[in-house]
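Have a look at the structure below, then the notes.
Letters A, B, C and D mark the chains as written, and numbering starts fresh at 1 in each.
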Amino acid sequence: MTHAPLAPRSAEEQARLDTALVEMFEQRITFNQVLGLKVLSVKPGDVRGRITMKPELVGHYSYGRLHGGVISATLDAMGGLGLMVAIAERHPSDNTMQVMQRFSRMGTIDLRIDYLRQGLGPHFIASAEVIRLGGRVGTVQMRLVNDEGTLIATGAGAYMVA
Amino acid sequence: MTHAPLAPRSAEEQARLDTALVEMFEQRITFNQVLGLKVLSVKPGDVRGRITMKPELVGHYSYGRLHGGVISATLDAMGGLGLMVAIAERHPSDNTMQVMQRFSRMGTIDLRIDYLRQGLGPHFIASAEVIRLGGRVGTVQMRLVNDEGTLIATGAGAYMVA
Amino acid sequence: MTHAPLAPRSAEEQARLDTALVEMFEQRITFNQVLGLKVLSVKPGDVRGRITMKPELVGHYSYGRLHGGVISATLDAMGGLGLMVAIAERHPSDNTMQVMQRFSRMGTIDLRIDYLRQGLGPHFIASAEVIRLGGRVGTVQMRLVNDEGTLIATGAGAYMVA
Amino acid sequence: MTHAPLAPRSAEEQARLDTALVEMFEQRITFNQVLGLKVLSVKPGDVRGRITMKPELVGHYSYGRLHGGVISATLDAMGGLGLMVAIAERHPSDNTMQVMQRFSRMGTIDLRIDYLRQGLGPHFIASAEVIRLGGRVGTVQMRLVNDEGTLIATGAGAYMVA
């Protein structure tokens, strides 16, 4: 006997969930507003966001490069979003509120960031790839590229899930 | 033949350097202003800073905890400051401008943050301990505690130095 | 109402447990035998082990330094032992077999190693300090020093516990 | 004026270099022999090695899974090999001896390993991808899969280069 595959979420419910995810990520996580982090995609396998260079985000005003902390904060946030999308996909019978409740129980366990090149450019794209989603821990890899596609930083994070 | 120990910086020059370090860290690194990061000590072996909770720094407004990115940004910045103090101590014949020039060549190679407990409290103290300062790479360990001394997060970073 | 503190393990049971822990660590974890890893202390707050330099453990025979992988393997193993001791202390009513069963459900989530100085010396001491033991995840910091007390490497690891 | 592209190494010299690299990696790095680490490819962009399960490499004899330290040691070594291949490619006018001398100045700065799934299988393939090769620091990402292609662990390392 095999398990029947779970029926996917209806298109309406999925749209509601996507809207709620984006709204929470961009509006209710206050520090994401400080970063100006905008969601570009919450499709499973393609989770991406964007930050736009502005004076508050630079490390030293003479150089005009992104502060390392902006990079780590952006990649940490994007890792969490990637995991959230994966969790929602794994639980297709959860409605939007139930998925949001799962989010409230998530937390970053730890994070590694590799700073590869200077964060120069008018805007930056951050993406997240879930490399394992277990029952208790999820592991995500993240990347930040600038507008020319140059790889600025990579990250790896472990997160508690529930 | 042994090397004579290097004469330490004069008290006047050290005071000038400390002032310049604090001014650069708090004012010119724009994102540190966003974090509200204030320097408490730049003594070798005791490098400490402080952030004060405010709405912009929370992860989710319902919970009122520091955003993980605030923690990683603060610890990254504090690691750099700790290294700067160690570099200044190693080059006592450098004047303030020369030390500042060394700073402009520093950069974070990578960073690990362990998030141990929720970032709850009215303010937080971040500290940095240089565990190795080589000719090219420095390694620093960082800690964040809240106002009750509870350990919130630890970090380790490798930085390019010159 | 407050909880009565848990009665500690009897001295006999503690001795039995310590013997079982050491036997498992040194004998049943086969790769620890390859490393020649010996336990020096399994007291809570003082978990230490030792490896002795031998030709199999060097990175390149011309230099005679410990291979980085020996360092990471030793610190990973020692982090797990440190956590095991902390878990046993938290569950004083568990007998030796029950503690051993808890061990079988542990696993390393991730590990960071900072290689600070060359691994030179006749023997090395590895130690582990648990900085947080939660219900599901434990975080440990590890250190490796040589026979002269020189800090060779530090590590941080997150582990699943149950 | 633009720089003429560097002429690549001759096929003979490249073959000599590849042989030397493999010989050093498999034979002279003694601990790699303990791991039984064999090189499968040293082509730029495709650096791969292999370890075969054997009793010495398990974490606990009852479970028959690779010890975490075997995984970290293998990925650390493979990261170094990946970087070596990239360095050789960047310096095509270096002869084999000169490349080997560059290797003697390399060293791991730090390493992160994410343990994703149990290390079960008859053999394992480790691969390395250099994501940045600077003048002083190189950053590499590593992966370990089992014989079925299941991703067992990922790693990221920063290395000193010269």
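Following the convention adopted for this analysis, contacts are C-beta pairs under 8 Å (C-beta built on N, C-alpha and C of every residue); 3 or more make two chains touch, one makes a residue touch a chain.
What you see is a predicted model; the values in this text were computed from it and never measured.
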| item | value |
| --- | --- |
| Neighbouring chains common to chain C and chain D, by label | A, B |
| Centroid comparison with chain A (C-alpha atoms), farthest chain | C |
| Residue-number overlap at the chain A/chain D interface, same or different (half cut) | same |
| Inter-centroid spacing, chain C versus chain A (mean Cα positions, whole Å) | 34 |
| Length of the line joining the C-alpha centres of chain A and chain B, rounded to whole Å | 27 |
| Multi-chain contact residues (two or more partners), chain C | 109-110, 112, 114, 139, 156, 158 |
| Interface residues, chain A side, partner chain B - complex | 24, 28-35, 55-63, 67-70, 72-74, 76-77, 104, 107-115 |
| Contact set on chain B toward chain C in their complex | 112, 114, 116-117, 131-132, 139, 141, 151, 154, 156, 158 |
| In the complex with chain A, residue positions of chain C that touch it | 109-110, 112, 136-137, 139, 156, 158, 160 |
